[in-house]
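What follows is a set of structures to go through.
Next come two complexes, and both contain subunit A; in the first it sits with subunit B, in the second with subunit C.
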Partner chain A sequence: MSRCQAVARPLARQLRQQCSIRPFTSGAARAAEVQQQQQTSSSSSQQPSPLDLDPNSVLPEFEAPLIKAGKMPVGSRRRRVALRTTASIPFEQLPYQAFQEARAILAADRQEKVAKIREQLDKIAALEAKDAAQVKGGEKMKETKLASLRRSVEELKILADINDPLVKKRFEDGLGDMNKPIYRHYAERKWRSYDYRLIAQRIKQFNIVPDVLPKLDPLADVQLFFRQQKIAPGAVVNSLVSENPPRLRVQVFDAGSRLVSLVVLDADVPDAENDAFSKRCHFLAANIPLSPNDTSLPLSRIKADDQLAVPWLPPTSQKGAPYHRLGIFLLQQKPGVELDVAALKQLYAARDGFSLKSFRDKFQLTPVGFNMFRSVWDENTAAVMARHGIPGADVEFRPARVHSLKPPVKPKGWEAKRQGPAYRHLWKYTKRIKGLSNARGWTKRR
Partner chain B sequence: MSTSTSRPFSTTPSLLARKLPTPSSSSAKPARRNRAAPKSENFNRIRTLRRNMFSPAPPPLRMARQRYLRHWTIHRAWMLFRRKQHEAIEKERSRMHAGMFNACEELRKTVGPGSRGEGYLYRVAMEKKGIYGLEGVPIEYARFQTDTPAKEAWNHDWKR
Partner chain C sequence: MAMRFLSIQRPLLAAAAGISRPSVTSSLVAPIGAQLANALVQGRRNASVKAQGAYKKKSKRGIPNKLGAKRTGDQFVIPGNILYKQRGTHWWPGENCIMGRDHTIHAMATGYVKYYRDPARHPDRKYIGVVFNKEDTLPYPQHAERKRKLNKTVHAMRAEAAKEEVSPSGIPFEVTRVEAGEPDRLLRLRADYSYREDNWRIGRLVKTTGLKTKAFRTRKQWFRHRRWRREREIAGQKEAAKKRAESGGGGKVVKAISKKAAKKAAKKAGKKAK
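Up next, the complex of A and B:
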């Protein structure tokens, strides 16, 4: 028996006998076991098992052919022998004492939480059955109490599962079921830790508030994909890439299905006559069902008559104009209220001058999601505009020169006073005035 | 003595006759060393602080997936355990405090014993004499305790 087998034997034995009661070691049993071990090792020395072809679990006697084949054995021999027998143990049954004690504590806590949930549910049922007149404070107080009880149940549901390592693992692997509150909780925490802050920063630095909406605090994660490629919030997108409508990945963090409206809005359309900027609607759809579980929302698939109001218009810019901010706004409709898309079509068929604030107020919507990208004039814009019949490709904006209102200032200082021929002997010191001249002569254009 | 090797050319008899310090005189040094540097009472604390303050932070824990998950589980269980312990201690202490408060309130309301008025027992119970030492009088008793400073902070005209 090799050294590593001798070392790994107690571990392997313990794992094999997990369920049976482990007897005290006696000499005879020990000897029998050694024999058994020798048998197994001698039998395995004849033909390599599939485990011996894996560099993670190869036995010492089969190392040589594996190394010859170019696969170096991984880890120590002790580890490899241990891996041969422990690969099939599920994570929660791994025989680590502290881990198992910890699991026992967490399981007891979970039982407590579940009992509390039951208690709260009973309370809710009792309160619902009670007549509002009998509750102190009447109907209003009853509603308040019910709401607070339901909120506490939701919190307890999260707290019951938050210490489960398998839940954490499943979430990290992206296998979490978003219909369950714990996974939504994890997802929201992750979103708030970075992506939400990024979006909030874009809203601030691009002045979405107050240029487009007076107030905007996103509650849902909206990611933007053009051609299967994720676009960072606020990135400048080539006009050829943004010619086709994007795909959104929308993750909402509260339970249930709801209807949303989707608006893509260009907030920087140059208006040369008025020397100002106006807004233009690039896409408008309503009555889009959304739930925590279905996250993909391709704009090209929204075609239904009761959903699509204004089809996709490729965002374009004009030469010399500053970048256009293209905001993607997700507005939640009131529960159970469907918008009349025919009316929307009539209202917003002329895309120009679209006001998101008035749209929000008119249909009682709440903005829940936001993302944005930018568009500038580039080498493909003219072709895109020609393809879609958008006028203005031949226009070039130039910045108007703004002259200073201050009167010209005469040069000041010791050097300026000694420029004249009376100071010819000082010219070698006086011909270097900032903004006027340097060693090679006059630089100021007159 | 011919042990003086540092000045081989010196022929002065007085120099040659000079004695080197004997080993018996040098043996006094370790004794002095032992006497030196009296340790302060905080010596151990200061040594620990010195060690920990200026040493670099320990490296972050590097663990593989499953190991990290086990570590996380144990950490969560430990935090839960600590919280429950704290809550239990807190509860017990507030229970004891409430008990004392109720007892004092009861004392404050009682009349007597004998011809004593209401709250006599409470006042006696609130005495602090002797709790800072056998004959000690707490510093609070040096001056009558008030909620606000006196209107006249110091009487300058006072004469004995």
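Up next, the complex of A and C:
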């Protein structure tokens, strides 16, 4: 053994002993302890880290304060958790060669599209400057050409951005600016892929066409919220929930601001006298400004004199009556035309017998949005009707009896023949037979 | 035999050929003769012979299916009336009608029967419908509002019958069993005057015990869990062995081997050495 070894030996033994004394699991256990401590401290104190204050990486437990502060969390929760551990490297610095090559190609394509847009804009300017008499086909042809050119410019605007990964990311994060055509294009495509089809199916299966309108093809996305809860189209809503007016989320997909009218219509009001159904207006408002950027439309906030015509009436259904279809119709007004709400108030104050078709025709409106829910008699309906002075909570509907077309048949058989007083001595056998007769007489039908 | 037949028939045959077809060649004669011969062999009966009563025999009749229209156009019907019985779909259910399991068309409303076609719905199909007014014609205009009837009558709402608490014999219908540390149990009077809990309530008690009867929903999940558990155990053991080796706990760890396995290994080693 060399000198240095001899010197080092006790040291090594010491080290080895330390290692051997500690069981191999202790390290892991201590780590777990530390983690637990951290967890308890973080959960008990609810101290949000800087990552929790960022909408891009906020954890579910810190979402609520962030939303209250006006910052909506971005993307899915799963993605937000993933973003906490990955550095957000900009696209230009990502180390994938094929990706960077592809980006270069897409950028070149965009340049091409932008050049085309310039070309079309120049053409439009030239055509506008030209006198209509010099254009072949006159004023009409000039207008047609201009419209065609403008349409192609709109298409090119979408095509220029449609391959940009950053644009797509921004749209999927919900950060897209709906004033820009590309984000509206993405939003419409998303809506058409499912929600539009669902609404179209509800229109068909609930016979909204032809019961309420002869034709209805929605162009805007209308979502329905009662008490911050999204209601699926056609769902049955409890009468207590629908006592207060809902909030709508309306997304239009064409540029610019416009005025719309809003109608909530019950298409199944039972009319017992005529053995039929009638319609009732539950809400009517006009001159509501809508644009692609402002989507929230709470019905309770529509109060202005030049907007609200008929206030909200809670939808109720009487006991035994078939379900009521409550349709929410968004009708676009002619550009620059405001409806006279005072006249509307006079016309439709009665609510009953409201015809959406005649309303549409009278004021030259075009239906653009639709959503619906249903209402049936439930445990809260009587209370809601009492609170709002709606009559009819004390009656119920029962199916009307349909009588057979066949003439009544005299009862046949030995017992039936011996019911009379002449057979008094046999009554103990012929009366009160289970299933045939009782004390009041012959009960068996036919 | 056939030859003799032919020779007998020959004069007759020649005469027939001479009358009907004077222009036919002699080569055609032979087949006609053969046909006549066949007729005789099959036993054709001439009009001069009286029939022997076979015409009186009835055809074998099965049970009739009684298919077809049961109600004519414009006839009054009520819900459930059978309008048409058929095999397959010669007719389809139209307005206020439904088709049964055996393709029978039934009325679903009180009204008048109409037989019609609706090219907007289907180019080929024939429909049976029921209208409320006799003058109406089907099909209705495509975008007109549907004609519906409420089919309900208004009645004052029935008051709910008050539930009695005590049975006619003077004992309560329901009693609650209260036991410390256990959920309250509702016992109900039975027909045999015993008090017993409802079966569905007994079933609910399982939830209060916190027992988990089945940890794994499927057999596959259980096997996968077992496999993963074993893998984890093996990985843990390996890691432990590694750590032990690092900490120098007694050099190489001798693997515990059964006597039989040791003997086998020794034998193998011996063989290799040879």
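The criterion applied here is as follows: the second predicted complex is superposed on the first by the 314 of 446 C-alpha atoms of A that agree within 3 Å, B and C clash if a C-alpha of one lies under 4 Å from a C-alpha of the other, contacts with A are read in each partner's own complex, and residues count from 1 in each chain.
Following the convention adopted for this analysis, a residue touches a chain if its C-beta (ideal position, glycine included) is under 8 Å from a C-beta of that chain, and two chains touch if they have at least 3 such contacts.
Just so it is clear, the structure is predicted and the values come from calculations on it, not from any experiment.
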Check: Between subunit B and subunit C, which makes contact with more of the residues in subunit A?
Finding: C
Check: Does subunit B (first) or subunit C (second) touch A:Ala350, or do both, or does neither?
Finding: neither
Note to self: Tell me the contact category for A:Asn163 with respect to subunit B and subunit C: first, second, both or neither.
What the structure shows: first
Next item on the list: State whether A:Ile105 touches subunit B only (first), subunit C only (second), both chains, or neither.
Entry: first
Note to self: I'd like to know which partner A:Ala64 touches here: subunit B for first, subunit C for second, both or neither.
What the structure shows: neither
Notebook entry, point to check: When the two structures are overlaid on chain A, which partner does A:Phe91 contact: first (subunit B), second (subunit C), both, or neither?
Noted result: first
Note to self: Per the contact definition in the header, classify A:Pro214: touching subunit B only (first), subunit C only (second), both, or neither.
What the structure shows: second
Margin query: Just to be sure I follow: which residues of subunit A are touched by subunit B in one complex and then by subunit C in the other one?
Written below: none
Next item on the list: Show which residues of subunit C lie in contact with subunit A when the two form their complex.
Entry: 76, 78-79, 81, 110, 142-146, 148-158, 239-240, 243-244, 246-249
Check: Where on subunit A is subunit C touching in the complex?
Finding: 16, 19-20, 24, 207, 209-211, 214-215, 270-272, 275-277, 319-321, 394-405
Check: Which of the residues in subunit B come into contact with subunit A in the complex?
Finding: 65-66, 69-70, 72-74, 76-78, 80-81
Checklist line | subunit B-touching residues of subunit A, taken from the complex the two chains share | finding: 91, 94, 96, 98-99, 101-103, 105-106, 109, 163, 165, 168-169
